[in-house]
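Below you'll find the structures, each written out as structure tokens.
Next come two complexes, and both contain chain A; in the first it sits with chain B, in the second with chain C.
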Partner chain A sequence: MIWFTVLLVLLVLAALWASMASALLRATLALALTSALLAVVLFAFGATLAAVLELSVCAGLITVVLVSVTSLTQPRSLKEQAADRKRRLRRFWPLPFVLIAAGVGLSFVKVPVDIVMRLPAGDGDVRTVLWSLRQLDLFGQILILLAGVFGVLVLFRKEAK
Partner chain B sequence: MSDLLLLVPFAAVVLLNLLPKRARAAGTWIAFAVLALEAAAAFAERFGYAGEPAWSPLGAVFGFHVAPDGLSGLLLLCAGLVGITALLVAQKTLRETRERFFFANLVLVALVGINGIAMVRDLFSLYVFVEVTAVATFILVALDSFTEGRGTEALEGAWKYILLSVIASVLMLLAVAFLLLSAGDTSLEAARGALAARDPLAWIAIALFLCGLFVKGALVPFHGWLADAYTAAPAPVSVFMAGIVTKASGIFALLRIASSTLNGATPGREILLVVGAVTILVGAFLALSQKNMKRMLAYSSVSQMGYIALALGGDLRLGILAAGLHFFNHAISKAQLFTNAAAIERELGTLDMDQMGGLGSRMPVTAGTSAVATLSIAGLPPLAGFWSKLLIVLALWNVGEYGFAVVAVLASLVTLAYFLSLQRRVFFGKRDERWAAVRETTPGLWVPAVALALVTIALGVGFPFALEILLGGGA
Partner chain C sequence: MTIEIPQAFWLYFTFFALLFLDGIWCMLATRNMVRVLIGIEILMKSVTFFLIVAGFLAGRMALAQALVITVIVIEVVVVVVIAGVILGFFRKRDSLDVSNTREMKG
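Our next item is the complex of A and B:
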């Protein structure tokens, strides 16, 4: 139990770092760390395949894509970065306290409903779910990636020009 | 063969990107053909508007289980008509072939998303296709952000849209997870069963999903992004977004859930009534105080989305009919008004209504079509908007919601007030000397406006005949 708590706290801290980091590269690394910690949590819960996907796609592939896109941007001067860091700290300093207070507060709340959790139908195999039951959603996700590619082509090529 | 509505636009995107660079100009016309086919297909009975998944050879290969019905036909038709209009506007307002090429590509990607929203019966699939539409639209809003002379508004508008959209996505994903835990399935039918069984987790799931849709549909209090996105977007993107994107990803999904899952159940009905009434009033009063034409039209859209939500809180059958009809009317009229705005911006170089005046004699077609659309949205007979607003009031009256019916009627007067103000400031009064040389806009912009105005007039005059065709007899 204590390990879960430690992992979850680390997860929240990494997510906070990702939100508050002033440099894109640091934010990307923090996001990768968040994904890696989430993969550990998923592994601990027995969702092995989900953990592997989270680690390979979110912590791996997405990080590579984000770093590549960041490399296309114009780096700011050190002075600008320092000013931005100060500005972000001034803006976001209450965020960790609000999150911790909310987490502590919620842990004392007893949900006043009798929730019966039902497991989804099917054999539970992710491959069956992806390739047999949710093909339409997979098609939709391919389209989202395609739209993302258009985004890079439209926005970044223009700036280079 | 409804699978074709997903596969053909996708195949068209692939085809467009196989074209050699010098043939990119043809991209618009390929997209045009796909949209025209879609509008025609919306009428075809063979798409089997029975509400049950139909077997098809392509469906068997790809494993797509979609179930188009009368409501789907309505959205498909709107998407076809508005998409064609947006492509025509793009031809005259986007300067570079490259921009027009990417516009056509992204419209086709968004079209697959919209078609998916029209035909799926599953909350997770609905979420996926709402995201497809949203991601394509984020990029569309920022399409010409690096063109010379454009400031940072387009990027800022796109950024605000992304931020609020992400919040909506998180709410919707959380809703899907809760529903899966509660009902063991994410289909709308399973959700209806769980709601009927008074499962609190299912109610939390639907409440979260509705909140997500309120953001996507820009219902109050989640309307903050809409005016900035519409105003900052290039003209054809405004036409596409105002005409179909916001409506499909927020309002149509709401319509689908209200008709398939909520079924008039308490407290869903009451939430829709209150949110609808507040949205109508806030949107209308915000529209009254605008001086930028596109901003006024944007807030007017917020107000009209409120009418659709209000209708869904009324008598179940009549409310869905009224909401569907108002959805169609507003999509057509608003796409037309944004086309008019594009024409004015092209000829004058500004959308500031305080700088305009007396343009009616210089741009008579734009002024005339604009009058048709504004009067229709305000609900004046015999235009199409009158019938949908009448049905909305009747749907509310039938279930004893007299107060909300009165709000709907009185807010129509506010709608008429801000649209009369728009007409007066833009087309009537004394003309500024700067606009002495202004002439009617190019046919590329007034022809689609006239076509859409004719749809509004024809639907109003031939309402009894048109209703059955529009709803495919299925709603």
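Our next item is the complex of A and C:
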């Protein structure tokens, strides 16, 4: 249990780094690290298929997209970067303290643990659930992917002269 | 089926809350569009984590995994479309500042 708690602490620290890093590229890499750590957590929970998708899609594809966006936008001057760093420090310095306070506060919360959830019985293989029980989800996913492709085509179309 | 939530739930809930808070702060405290996108991503990570925790505690891992797969697909599409919007905005305005979006016509 201790190693798992350490893993979760590392996950939060990676997310904190992603939000506080001064350079966008570092923030993107920290986000990829967060995704990789989340994939390990999912694997530890036994969600292997979700872990593989998280690692390949979120730590891989999304990182590539974010790095591309960062490289396609022009770099700022050193003066602008220094000014932005100061502004960021002012806005973000309370965040680690807030997170520590929230973590300590929540770990001491004495909420009664006799909450019960009423669920229908039974759980099968993830492939069975995905392909047999959640077919509408798959239909929705296909529609969302098509909508995404359509959105990108609209955004990158060339303007008519 | 009725299950009781074990003590470990509050440990997982604490880490979910920390990730969620981090994502919210990242979105609200910055004016850079790419950083807002990173904040959205952190929020999605927290939701993914909590879905798996809920599935694990309820003994419904297959259903939780199916939902997480759906979340990941939506996450990718959201990131790609917002990245396109950011690039389009940068080409027009030469800026990534979200406060400049107020000048957009709609």
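The rule is simple: the second predicted complex is superposed on the first by the 126 of 161 C-alpha atoms of A that agree within 3 Å, B and C clash if a C-alpha of one lies under 4 Å from a C-alpha of the other, contacts with A are read in each partner's own complex, and residues count from 1 in each chain.
Here is the rule we use: a residue touches a chain if its C-beta (ideal position, glycine included) is under 8 Å from a C-beta of that chain, and two chains touch if they have at least 3 such contacts.
Note that the structure is predicted; figures quoted are calculated from it, not measured.
Engineer: Thinking of the overlay built on chain A, is A:64 touched by chain B (first), by chain C (second), by both, or by neither?
Structural biologist: Neither: A:64 stays clear of chain B and chain C.
Engineer: Output check: A:147 vs chain B and chain C. Expected answer is one of first, second, both, neither. What do you get?
Structural biologist: The answer is both, since A:147 touches chain B and chain C.
Engineer: Between chain B (first) and chain C (second), which, if any, makes contact with A:155: first, second, both or neither?
Structural biologist: Touch status of A:155: both partners.
Engineer: Pick one for A:106: touches chain B only (first), chain C only (second), both, or neither.
Structural biologist: Touch partner of A:106: chain C, not chain B.
Engineer: Considering only touches as defined above, state whether A:54 meets chain B (first), chain C (second), both or neither.
Structural biologist: In the superposed model, A:54 contacts chain C only, not chain B.
Engineer: Please name the chain, chain B or chain C, that touches the greater number of residues in chain A.
Structural biologist: So, of the two partners, C touches more residues of chain A.
Engineer: In the superposed arrangement, which partner chain does A:136 touch: chain B (first), chain C (second), both, or neither?
Structural biologist: first
Engineer: Residues of chain A that sit at the chain B interface in one complex and at the chain C interface in the other, please.
Structural biologist: Residues 113, 115-121, 134, 137, 140-141, 144, 147-148, 151, 155 of chain A touch both chain B and chain C.
Engineer: If you look only at chain A, which of its residues touch chain C in the complex?
Structural biologist: Its residues touching chain C are 5, 8-9, 11-12, 15-16, 18-19, 24, 27-28, 31, 34-35, 38, 41-42, 45-47, 49-50, 53-54, 57-58, 61-62, 65-66, 68-70, 72-74, 88, 91-92, 95, 98-99, 102-103, 106-107, 109, 111, 113-121, 123-126, 128-130, 133-134, 137, 140-141, 144-145, 147-148, 151-152, 155-156.
Engineer: Quick one: which bits of chain C touch chain A in the complex? Just the residue numbers, please.
Structural biologist: 1-7, 9-15, 17-19, 21-23, 25-26, 29-30, 32, 34-35, 37-39, 41-42, 45, 48-49, 52-53, 55-56, 58-70, 72-77, 79-81, 83-88, 90, 94, 96
Engineer: Give every residue of chain A touching chain B within the complex, in rising order.
Structural biologist: Its residues touching chain B are 113, 115-121, 132, 134-137, 139-141, 143-144, 146-148, 150-151, 153-155, 158-159, 161.
Engineer: Considering only the defined contacts, which chain B positions touch chain A in the complex?
Structural biologist: Going through chain B, the ones touching chain A are 6, 10, 13, 62-66, 102, 105-106, 109, 112-113, 116, 120, 124-125, 128-129, 131-132, 135-136, 138-139, 142-143, 145-147, 180-185, 199-201.
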